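Below is the structure I would like to discuss, written out as structure tokens.
Each chain carries a letter (A, B, C and D) given by its place in the written order, and its residues are counted from 1.
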Amino acid sequence: MTPRGYAGKYLNVDLTREKIGDVTFPEETLEQYFGGRGLGAKILWDRIGGKWSEVDPLGPENVFIALTGPMTGIYPGGRICCTGKSPVSNGTVGSTASTEFAHELRTAGYDGVIVSGRADKPIYILVTEEGGEIRDASHLWGTMGEETLKILNKEVSDELVSRDPDVGLMKEPGMIYVGPAGENMVRNACVMTKLCHAAGYGGYGSVMGSKNLKAIVAKGRGPLPEVYAPEAVKLLWKRAHEHLISRDSFRRQGTGYGGWSTGNFYSSEPIRNWQEEWHDERSFGGPMFETRFWVKKQWSDFNCTTGCMKVSCVKTGPWKGAITDNPDYELQSYCGTNFGIYDPEANIHLSALIDNLGHSGIGGANTMGYAAELYQRGILTEKDVGFKLEWGDTEAFDRLARVIAYREGVGDVLAEGTYRAALKIAEMKGLKPEELLRYAVHVKGIEVGAHGTRSDEDFLAHDIGYAVNVQGGDHTSVVRDGYHELSGSVFTDSAVICNFARTPQELMFDFAKAVTGYPITVESWRRLNGPRIVTLQKAFLLLGGPDVTWEPVRDDENPPRFYEPLPSGPFKGRTTDRELVRRRRLVYFETLGWDERGIPKKETLEKLDLGFLEKSMFRLR
Amino acid sequence: MSSIWIVRDYENCSGCRRCELACSMHHEGWMWPEASRIRVFMPFPGVEVPHLCAQCDDYPCVESCPVEALSVDGGTTAVIVDEETCIGCGACAKACPGTVPYLHPRDRKATICDLCGGDPECVKVCREAGYNALRLVHEGMSGHRKLFARNPVDVAKDLAVKFFGEKGEELIV
Amino acid sequence: MTPGGYAGKWLDVDLSKDKIREVEYGDKVLEQYLGGRGLAAKVLWDKVGDKYPELDPLDPKSPLMVYTGPMTGIYPGSRICVSGKSPVSMGTVGSTAATEFANEIKEAGYDGVTFTGKADRPVYLLVTDDGAELMDAGHLWGLDGEKTLIKLNKEVTAELTKRKPNVGLWKDPGMVYIGPAGENMVRNAAVMAKICHACGYGGYGALMGSKNLKAVVAKGRGPLPKVDAPEAAKLLWRRTHQILIGRTAMRRQGTGYAGYSVGAVTSSEPIRNWQEEWHDEKSYGGPMFEHRYWVKKKWADFNCTTNCMKISCIKTGKWKGDITDMPDYELQAYCGTNFGIYDPEANIHLSALADQLGHSGINGPNTAGFAVELHQRDILKDSDFGFKPKWGDPDTFDRIMRMMANREKIGDVLAEGTYRAALKIAEMKGLKPDELLKYAVHVKGIEIGAHGTRSDADYTHDISYAANVQGGDHTSTSVDGYNDMSGAVFTDSAVFCNFTYYGVPQSLVFDFAKAITGFDINLHKWRSETGPRIVTLQRALLMLGGPDLKWTPVKDDDNPPRFYEPLPSGPYKGKTTDRKLVDEKLKAYNETLGWDERGIPTKETLKKLDLGFLEKSVSKLR
Amino acid sequence: MVKPLWIARDPSACSGCRRCELACSMHHEGWMWPEASRIRVFMPFPGLEVPHLCSQCQDYPCVEACPVEALSTDPDYGAVIVDREKCTSCGACIRACPGTVPYLHPGDDKATICDLCGGEPECVEVCTEAGYNALTIVNEGPSVHRKLYSRNPVDTARDLAVNMFGEKGEEVIE
């Protein structure tokens, strides 16, 4: 009997042998790992856990997984979770993005798509109620995000209507796709969807690119999966929306006001590759985006009333026609203040370009900022780059983004992501790696989100937030204390719902219980499900390889720059407290039942039903 | 009285100016658009901008007053003008990033929105007409407020581009 | 003591002698004529008197009135009224438009301005709290509406800021102005406001042009005038707005949906110069304007919550950058179906062009349509135009309207308005006038509004235009000489918007008028005395007419010939205006108003309505 | 006379949250079933969401076109009522509708058309609750304009695109 809240089956695609079939997972696994980030990790272990260190993330053996969770589409803010062995951290990241693809997949009767192997020519996968099929995508290979979306929209809609002509108008399919960056396997490229939504962390765009997989498209017409207690769910659904509607300022501003306030209030915004974190450029304030550029002021994703997204459009000047979301805070900062740019119009242009190229707005822009600092310090010269790369020069960063996406010249090195680019450039320039890694702001290879830890005023990032995070610099899953975030981001990324659609925890967990019928509580998630998922991800991270393996404790650390004193703003001189980080790291390991080097202890693995990890963890102790 | 703020969505403003009438009727007893604490600018027809105090977090107007005629209402966070003390020098208007205060046509006293003690009349008539260009929210002090103290002509320039695209840049000079 | 609702002072500007005086009108005159349309006719007579028939409207001595009314600004939907001896009908028209100028001039302490004489160089009048002054407008002469407004806005705001720098920001001034059509004295040119609002009927744009008067600008900082019963007025103000807010369809669609429904449902829309009045072009429906072009969906004028106005903007293609209102029904019809055009984008362009050139959106395109029908009937040739005009081709009408505004080629003749152009072209082509007047759709020289009478399904019927002292003006059509006296005659004299009058109980409106003015004003008194007084005065002036033409009683009190041809298509095919009914109702109308059977006011009526001063001139007409 | 009630729709105010689809399907089908909702939100391009539902045209082309008289109009509010037994899923009503609004139900393949929830549409409730007001109830009697709203959502989206994005709007939808 299909577990409640699940469509009940997953599409399994082997691209090398062009074999497509359905696969299911025992109810016990679903109860333990739920979906998305958690279930993805378990699938990865079952498939390639044994030879994890040897698997090349960009090789055919790596598995690209797009999963929903039991609450996706039913609870406000439906998202898709992309995961697999990460080409950036060599561990795993539960990288989510809001998209209609998620609930379309579920209404087509699938909870996820698992892709292994490598296609010999560009293809995309179409999932409908009749099952999955592999279709040619050669005419799509090389197209930018906006083009891909337009062409696929029409092509698939026409195809589905032709198959069932008199059923009436066919709504558009949902889809996830990669841009040129993913196709050219830029390591931190992301999986794009809905023009400006991205599963940004983890570099899964390059994993799709490595499999010649241009897109996965889904269109279903069935109902959302049955739930355990329908009437309870309907009541909780109403109450959840009432809560979301009550948050007026967030609905009004979305994250589009952060570009000024994070820098000005919290001094934790990346400015010129994190050389500073404070600014007071009023030209970059929310109203300056809203009044001139927001053509739609409440743009929501499936089943969500927050409407934190906005549609911006540049209507005049050289970048006329650029369309993207507010941009959301991460891209306001990374494609704005991080480049020394405080002009909303330029910021919208660069955000739209980065989305269309398929770069990760955070990872890609971090690497571009890193290159600009090397240029500032003379390590990279105009000859190396091929053009002048001054801070604040939008044209230069526009070219740099394209050069990296198409791996031209220095772009080929920078396409390896900030960490590996640092090592390569050190080699090229005959410098010691440390001299380059000083400016690389990453943790475990994953470029840090736009929330610094030095001011300690930020609402997200503090001392060990990134240091011990199994998803490295991922700001959406920063660690607080090894306890709270387990029922926070670990839960939302496994139930695959939006972090911003959080309602009071009892309501969310009652909702989860009413949907699945599993005896989930905040407590059970914080003591068992959460630690189990995080420990499994920690194991992957520790195994690492093949090109990089992280050194326990030494690499469970903030980037060097986060220990330099802040040079400006009200918190000038302040920095992350290294001693506090060391102490809290130990407490964190202890809380999760890991030894002082962060290796999961034997009894912890037993307790969390992760016995299968003992053999490989033993070797690391 | 919890701290309140008037959210203003310029795009929704219809230009009916009922806020000016409601405000002046409340404070002056009769319709007096030029004595209303909220004044609707229209640098170009169709581009109407309601202009009113944004209660900046650092209150530059209160700081700039040479005779301390301006104070802050602890409850509503509104700026309160002591008419006797005010000498009509206009310092507060110059200090305000959006030049919101102005001298009353009757007695050249500084005139600034006092949020009607917590239940603004302008918001009522705007909501009644369904425009929601002015909305009352119960939110604490925030640094974003000051960003809304902008010269209405600058706001209008942005609105014109949003409404009319390229043509918008020629309309407000 | 000034009655409630009035600022109490009017400006009297002699442009020839650059002299500006302040005048006052006694309570009696104000109670009898109220303001706007009524007061303007009285002041016109007082200034001209029995020499009225000899007065050429475009002569410097011809006065131009720019008047508000007691309810302007206070009652929802404030407007300005422009009047004087009409260069088109030779009578008077209370031509109104919604604009902030109206409440600004009252806030500056004046109820209106009367212009006489002619300035030796282009000027504009600036009215502020400190009085009025004539400013140079040399740099504005020749500019289209949009540029005039942009320049004047900046210039006046800068000037006022310079004069009183530290009072804080100066709000934008209100203004009325003319475009090239007015400057070149196109007979039916309009007085423009707010880019797309127009005092369209009467040709007062030409009157302003003839005086070298480019614009009248006002910025006041005072309160709106005191009223007789403030608390009652406030209560009625709230009550009226509640009613206006309840009218969801009018607020949502404005008149922007009528371009389709007046044709498809009531078969009374001008198509190819009224040759047809029905169409079912779905491409011309409201949603086709709303989704693609309306960039602002709720645009309102001062103190009004109907917000029937919308703003359209063409963002792509040949006419990128054109901005106008929705267009409102009259221009959707006259700059659209009347040209055989059913494409919203072309209609928006032509409406914007008509507004920028300063044409009246109804009268100008009526003449343009008349010209193309003459070409269709081979009376006018390609050579007259300089190109081959075609129905349905936007460029044809774009060029004709520009030619009319700049009086080039045939444009110079067409600029005289449909009626006089018909006479001139008959002369030029050696034809009998009637052969051309057959296609001229006007009454008393004033081109008819976009509501036909043949289907009888619209609000315009048999004598709506025939008995109307303002000819083809669709906003103040005649009904029975009693009910219509409290319609537009009242709203154009109290000067507020028709759309905020219909749909609000008349008793409420008249209570509001009483609360404001303190006059003994009620529905019956207005219908039986005040209304008839104003209309009788207008009738007298209309029939005195001159100098270049005089209307023949009864013969000219009639619909245009075309309105007696059977409708060629649509559900009302074959139906037409019933001539017998027109004659009957016209007699009843004259009788109700106390006019003789030729429509000339009798001696007793003049006496009864306190219009004795007209007797000497009117007696000559009997 | 039909009681005055109509769902006024303003696509430019639609946020794309699709709660109307959920509320409608929960009401009619008992559970969240976007594709079985009588109102479906089309999104030909992100940002251009168009709620697509019956406009109760005053001449009811769909009712006229039905070969087996499965469609009728409800006396109170003039909604189109589908008799699911009689319906043979031939699609005639779909082709007859100027906006191709009806569709065949994914569950029982029968023609599915909005019945205005008997006068208190659920979709309007959730839309006004969220403050978008893309769907609002207006007490207006039948008028010729209703049929004009029955347009193919892609055409409406093309217009919205130009309105929102200017020239670029012409390129975003094939």
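Observations on the model:
One rule holds in what follows: contacts are C-beta pairs under 8 Å (C-beta built on N, C-alpha and C of every residue); 3 or more make two chains touch, one makes a residue touch a chain.
Values in this document were obtained by computation on a predicted structure and should not be read as measured data.
Across the two interfaces under comparison, B-D and A-B, the one joined by more C-beta contacts turns out to be A-B. If you average the Cα atoms of chain C and of chain D, the two centres end up 42 Å apart. Centre-to-centre separation between chain A and chain C, using Cα means, comes to 63 Å.
Chain contacts: chain D has residues 12, 166-167 touching two or more partner chains.
The set of chain C residues touching two or more other chains comprises 295, 315, 320.
Within chain A, contacts with two or more other chains are made by residues 295, 315, 320.
Pairs of chains meeting the touch criterion: A-B, A-D, B-C, B-D, C-D. Within the complex formed with chain A, the residues of chain D that make contact are 12, 15-19, 22, 25-26, 29-36, 40-47, 52, 89-91, 94-95, 100-104, 106-107, 126, 129-132, 152-153, 164-168, 171-174.
In the complex of the two chains, the chain B residues touching chain D come out as 165-166.
Taken in their complex, chain C has these residues touching chain B: 73-74, 100, 103, 107, 129, 146, 149-151, 153-154, 165-169, 171-172, 194-196, 220-224, 226-227, 230, 234, 237, 241-242, 245, 295-296, 298-305, 307, 311, 313, 315, 320-321, 323.
Taken in their complex, chain A has these residues touching chain B: 248-249, 252-253, 257, 260-261, 264-265, 282, 285-288, 291-295, 297, 315-316, 320.
Those residues of chain A that touch chain D in the complex are listed here as 73-74, 100, 103, 107, 146, 149-151, 153-154, 166-169, 171-172, 194-196, 220-224, 226-227, 230, 234, 237, 241, 245, 295-296, 298-305, 307, 311, 313, 315, 320-321, 323.
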